[in-house]
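Below are structures written as structure tokens.
Look for chain A in each of the two complexes below; its partner is chain B in the first and chain C in the second.
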Partner chain A sequence: METVTITMKNPPALYLEADNVSPDAFAGKTEAQIAELSVHEGNTTTTLGKYFEVSGNAGATAADTKIIVKGDVKKVKYLGFKMSAGELVIEGSTDLYVGAWMTGGKLLAKGNVEGFAATAMKGGELIIEGNAGNYLGAAYRGDWRGMSGGKILVKGNAGSDVGMYMTGGEMVINGNVDVHLMTHAEGGKTIVKGNASSKVGGQMVDGTIYIFGSIDTMMPGFKPKGEVELEVDGVKATFAHYIGDMGERHKKRKGAIVYANLYKKI
Partner chain B sequence: MTKTVTDVICPFCGTLCDDLEVVVSDDGKQLLEVYNACVIGTEKFLHSQAKDRVTRPRLRQADGTWKEISYDEAADYTAQMLAKAKKPLMYGWSSTNCEAQSVGNEIAEISRACCDNTAAVCHGTTLIAVQDIGLPTCTLGEVKNRADRVIFWGCNPAHAHPRHMSRYSIFPRGFFTGKGQMSRKLIVIDPRVTDTAKMADVHLQIEQGKDYELLNALRVALKGEWLPDVVAGIPKEKIREAADMMKSGRFGIIFFGMGVTQSIGKNHNIDEAIAVTKDLNEYTKFSIMPMRGHYNVTGSGEVFAWQFGFPYSVDLTRGFARYNPGDTSSIDLLNRGEVDAMFTIGSDPGAHFPISAVKHIANVPSVCIDPHLTPTSGVSKLHVPVAFNGVETGGNCYRMDNVPIDCRKVVEPPAGMLTDEQFLVMVRDRLKKLKGAA
Partner chain C sequence: MSEYIIKNGHVFDPVQGIKGDKKDIAIKDGKIVDKVGSGAKVIDASGKTVMAGAVEIHAHIAGPKVNLGRIYRPEDKLFSCTPTKGMERMGGGASIPTTFKTGYEYAKMGYTTAMEAAMPPMFSRHVHEEIRDTPIIDEGAFPVFGNNWFVLEYLKNHEIENTAAYIAWMLRVTKGYAVKVVNPGGTEAWAWGLNCLSVNDPVPYFDITPAEIVKGLIEANEYLGLPHSMHIHPNNLGNPGCYQTTLDTLALAKGMKANNKFGRETVMHLTHSQFHSYKGTNWGDFESGAKEITDYVNQNKNITIDTGNVTLDETTTMTADGPFEHHLTGLNNLKWANCDVELETAAGVVPYIYSPNISVCAIQWAIGMEIPLMMKDPMRCYITTDHPNAGPFTRYPRVIKWLMSKKARDTQINAFKHKDKVLSQTSIGSIDKELSLYELAQMTRAGPARTLGLANMCGGLKPGMDADVAVYNFNPDKPVANPDDIETAFSRCAYTFKSGVEVVRNGEIVNNGHKRTLWVNVKVNDNPQVMRDINEKFIKYYSMTQNNYEALGHHFVPNPYALEVDATHV
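This part shows the complex of A and B:
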């Protein structure tokens, strides 16, 4: 695997849209060719090399390419946009749309990321060592398909609307989440090790939520179904089981009505 | 002698009343009296006659004072500001006509700006919910003639849309609602005992920020499923009673306002309210309608959607329209320091935006087009006063139920004053030259 390191040298005055910083866009390119890739600051289009120092050539394919992003990229959007293979490591914190529409590969953000990370993610692995913003693994506006595959691990907290319209895949959040976890979800699994705020699983049709901490306010549409012993992410414990959202429409699978499941650790 | 102009449209709120009578002087230069309007609408008409009105553009000088300049100089300044900016924000549009909005969109496209209307701090969340699950709606005429179940959720028309209840929703005697108020049941959901709530048959005094839960509970009650004893501070028996009352009507309507669109839950509150409406249609006919604020905010959404495909928060910086509130919405753009020029028209973000966002307006080149002196004109570098739309010039506007109504000119603007559209055309033509656009 070849490694390309890009280091922020001239931070943008406004915000930078760097939707070409992905193993897919870099694959098969030399250092000089990578520096010529386009980036956008407001309505001006320039080159990656104007802002970043590029060192190293990319591999022949995305799978053979690893990108390391260094320096202050707090004002850079779309890192790892639509990546399908390879690796991307962001050493610090970054802005919106990290790993949005990613379908494969491994993306590691060592700092915090802002909203819309992993929008409509289909596959691959996203690890955020800091906090994630709002709409993590959610659908794009107006779409009914959020995250459908892959894995997300957030070591810190996540914002609101996490997993909105999620249809598949798995998310683990070690910290707390804000309101509207897995709203409208039709599948997938989210594990929250910390506390959840209110509106957990609202309008949820299918899928599973595990909460290890507290829930501020339960949704009235989630009906208690007793207690169960479960092993979740290596932890054996007793969970209170709820099904819902009883107010929402319900799917049928093999003739039986399907509900979303919410497990809260006791 | 005076003359009376009848059937005048009121350019204040989204109710867009069309039965005003305005008395003007014989030469058509002075507006003397306004009949049939609410107190706010009357004030809007009479304010055009203010003696201290600013009638020429003013440019802020280095020492903080204003210098009067010509419309030509103002158009030059505006065009140059937009041509230079990498990411200008063009905000407002809700208090001007559709014709001006359309010229504004041409300017936005040439300068590749972000453009947004007041829905960003108002019913924008409604528009997101509509994109997510659709909108079963109707016109206000249908409400007047048919509605026997009227729900006001998080809105207070008694003060914000003063003639809404007398013209459409509560008091009028319609074709199938011959007994007026007696033919309708009124449910109000509001944490406060507002003047609207005082009139209600049922007032659900909900805990603040729990609208989503209560809407969800209504859906559960409609399906006859299990409910916790208390939801959002309301006992479950009362929720079931309200659900039954809604079901038992022949035609129901949910009106909702800022109390649900801008409290916690935002678009999801509306999403759930639309789902309640959808569920109710299994039992009877039900509709839902946002109580739009500015008289032509609906029109601005229509013009944006017609020309760019999205109803607000449109980002044209890349040369094509993108939309994602949270990224492309005005307050986020300003708070995050993403824009380098601010163009405001027909709105007052200085009064309505968080102070952190207003501070950013003060830090960048800015133009404010507004007939009034506002907090926004106060922080802007250039203030361009224009004729009052709907008073001194006509133009197309959309009522809250998406019905287009042409506003009427009733009086002449002060000599030499331009309308929004005339000034925007001057800016557009200059910008075309600067950008070399065809």
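This part shows the complex of A and C:
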């Protein structure tokens, strides 16, 4: 695997949309060619090389390419946009849409990321060592197709509307989450090791939520079904089991009515 | 204005019966002429196909429900935006493009005239503002009448003269083009939580049936002598077994004769017939009724249809058939928007994905193919996608590819997940017919122009007609190596001329043209009763005054073209 390091040298005045920083866009390109890839600052289209120092050539394919992003990229959006293979490491904190529409590969963000990370993610692995913003693994604005595959691990906290319209895949959040966890979800699994705020699983028709800490206020649409012993992410414990959202339509699978499941650790 | 001569192209013009002969087309002062001077700019069309600009008879491209779709589907613009480029302003949207993108895309495909198929009269100002902002193409808009309180009250007593006077007033204040009917009576019933699924279901409160509404509106249409026939989306759209309701609706035109000075010979236009040609009793035994519908239309020469081809895309359905959209959101569980328009109509919007992996969608695709291939008279069947309901209009080149190539259809059929079901529930597998370029010109130019009453103006290349010309990179002398070449050729014109202005060159917009708003100005005898009824309804029921109702003046209709109709003699 070849490694390309891009280091922020001339921070943009406006927010920078760097939708070409991905192993897919870099694959098969030399250092000079990578520096010529387009980025957008406001309504101006310029080159990656205007802001970043590029060192190293990419591998022949995305799978053979690793990118390391260094320097202050707090005003850079879309890192890892649509990546399908390879690796991307972001050493600092960054802005919106990290790993959005990603379908494969491994993306490691060592700092915090802002909202809409892993929007409509289909596959691959996203690890966020800091905190995640709002709409992690959610659908794009207006869309009904959120995260459908892959894995997300957040070592810190996550914001609101995590997993909105999620249909598949798995998310683990070691810290707390804000309101509206897995709203409208139709599949997938979210494990929250910390606390959840209110409106957990609102209008959810399928999928599973595990909460290890507290829930501020339970949704009235979730119905208690007793207690169960479960092993979740290596932890054995007793969980209170709820099904819901009773106010929503209910799908049928093999003749049985499908509900979303919510497990809260006791 | 410049003179042009388009030399050595293979010309297809049903108006003059030209079937691919090499012929020069001369343009002067915005019109097709016999000859031009030696200074005329020469366009080399050798090895290319030359047709008149195409005419869109039914699309939802302007107005409040289109805009509602744009507003509540930001995801439709997600990866479909194009930045400013040359003459073009930025555009976006896949199934519900922005106004500018709409104009550019039509022109690039060789379309020069398009009709907005459902204008809510109360929002005609909005419709005209969007039409104004859609460059290049001439546009008209059809106000909807099939659920209008005035119409229901007049036709309950069979008052044709009053209905006609009301239609004339409405066309004038809304700058409308034709009489459109959507789910007659059913959309009004929807305001009561009900629907009319057959032509004999009574409309609540008004106590009139869809059959009486349809017959009355045809009579009023011919009483006035409007350019276009009554244009109908019948009851019971999109349900298995609906073909019977469609046949019942078509039978209402029996014995009716066209009366107009525009050369139109028909009295009823059945739109998006694909959605109305379903047999079966549920989605499991769902099958094609294309044969029954086309047999009837083939025999009854006072009816025209358009296809409503499913293009197998993700799209946005929108119709003034409010109850149908509510039914649809229950089927696919996607977001639903609904709007009631006071005394006049309603509308609903729901996104829809026509997936090739779902048998119903694949059968709908096949029915859309069967209808134009089974129609014996291409002058009475027009290609549409009921944009954006069965698919975006930008897919016309693909629909043309499927219709012109059995090989392309077979490729698609083989790609369906439920291929066997498509072949057992439709007859598409046994149809070998491939549309010729001449038939294509009939179905997309001469035919729709004649039915719209525009036969003297567009849809042909006869000297004296508007110089709307499309030149395609398609050589009819050469065998088609790959059917995809057809799609490529019809996607981007080598040249498009609109009213003698070169608007597209090599698939790029080079001029924004001088688009016009087509509307119909009907003179009728004074009718104090209808004027009193209008005043009274505005005072009693409308939430706006008449002063705020009319689409008038340069802001709304900056470049009007009125078709004059004198109905005072009757």
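As a working rule, the second predicted complex is superposed on the first by the 266 of 266 C-alpha atoms of A that agree within 3 Å, B and C clash if a C-alpha of one lies under 4 Å from a C-alpha of the other, contacts with A are read in each partner's own complex, and residues count from 1 in each chain.
The rule is simple: a residue touches a chain if its C-beta (ideal position, glycine included) is under 8 Å from a C-beta of that chain, and two chains touch if they have at least 3 such contacts.
On a predicted model such as this, the values are computed, not experimentally measured, just so you know.
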According to the stated criteria, A:Gln203 is in contact with first (chain B), second (chain C), both, or neither; which is it? first
With both complexes superposed on chain A, which partner does A:Leu96 reach: first (chain B), second (chain C), both or neither? first
Could you look at A:Gly142 and tell me whether it touches chain B, chain C, both or neither (first, second, both, neither)? both
Under the stated touch criterion, name the partner, chain B or chain C, that contacts more residues in chain A. B
Touched partner set for A:Gly42, first chain B, second chain C, both or neither: first
Give me the intersection of chain A's contacts with chain B and its contacts with chain C, in residue numbers. 140-142, 144
Mind pulling up the chain B residues that touch chain A in the complex? 85-87, 111-113, 128, 131-132, 209-210, 212-213, 216-220, 222-223, 225-228, 231, 264-265, 268, 271-272, 275, 279, 316-319, 323-327, 336-340
Chain A touches which residues of chain C in the complex? 72-76, 78, 333-335
Residue ranges of chain A in contact with chain B within the complex: 13-15, 17, 40-44, 77, 96-97, 115-116, 134-135, 140-142, 144, 179-180, 183-184, 198-199, 202-203, 217-221, 223, 245-248
Seen from chain A, its contact residues with chain C in the complex are 139-144, 249
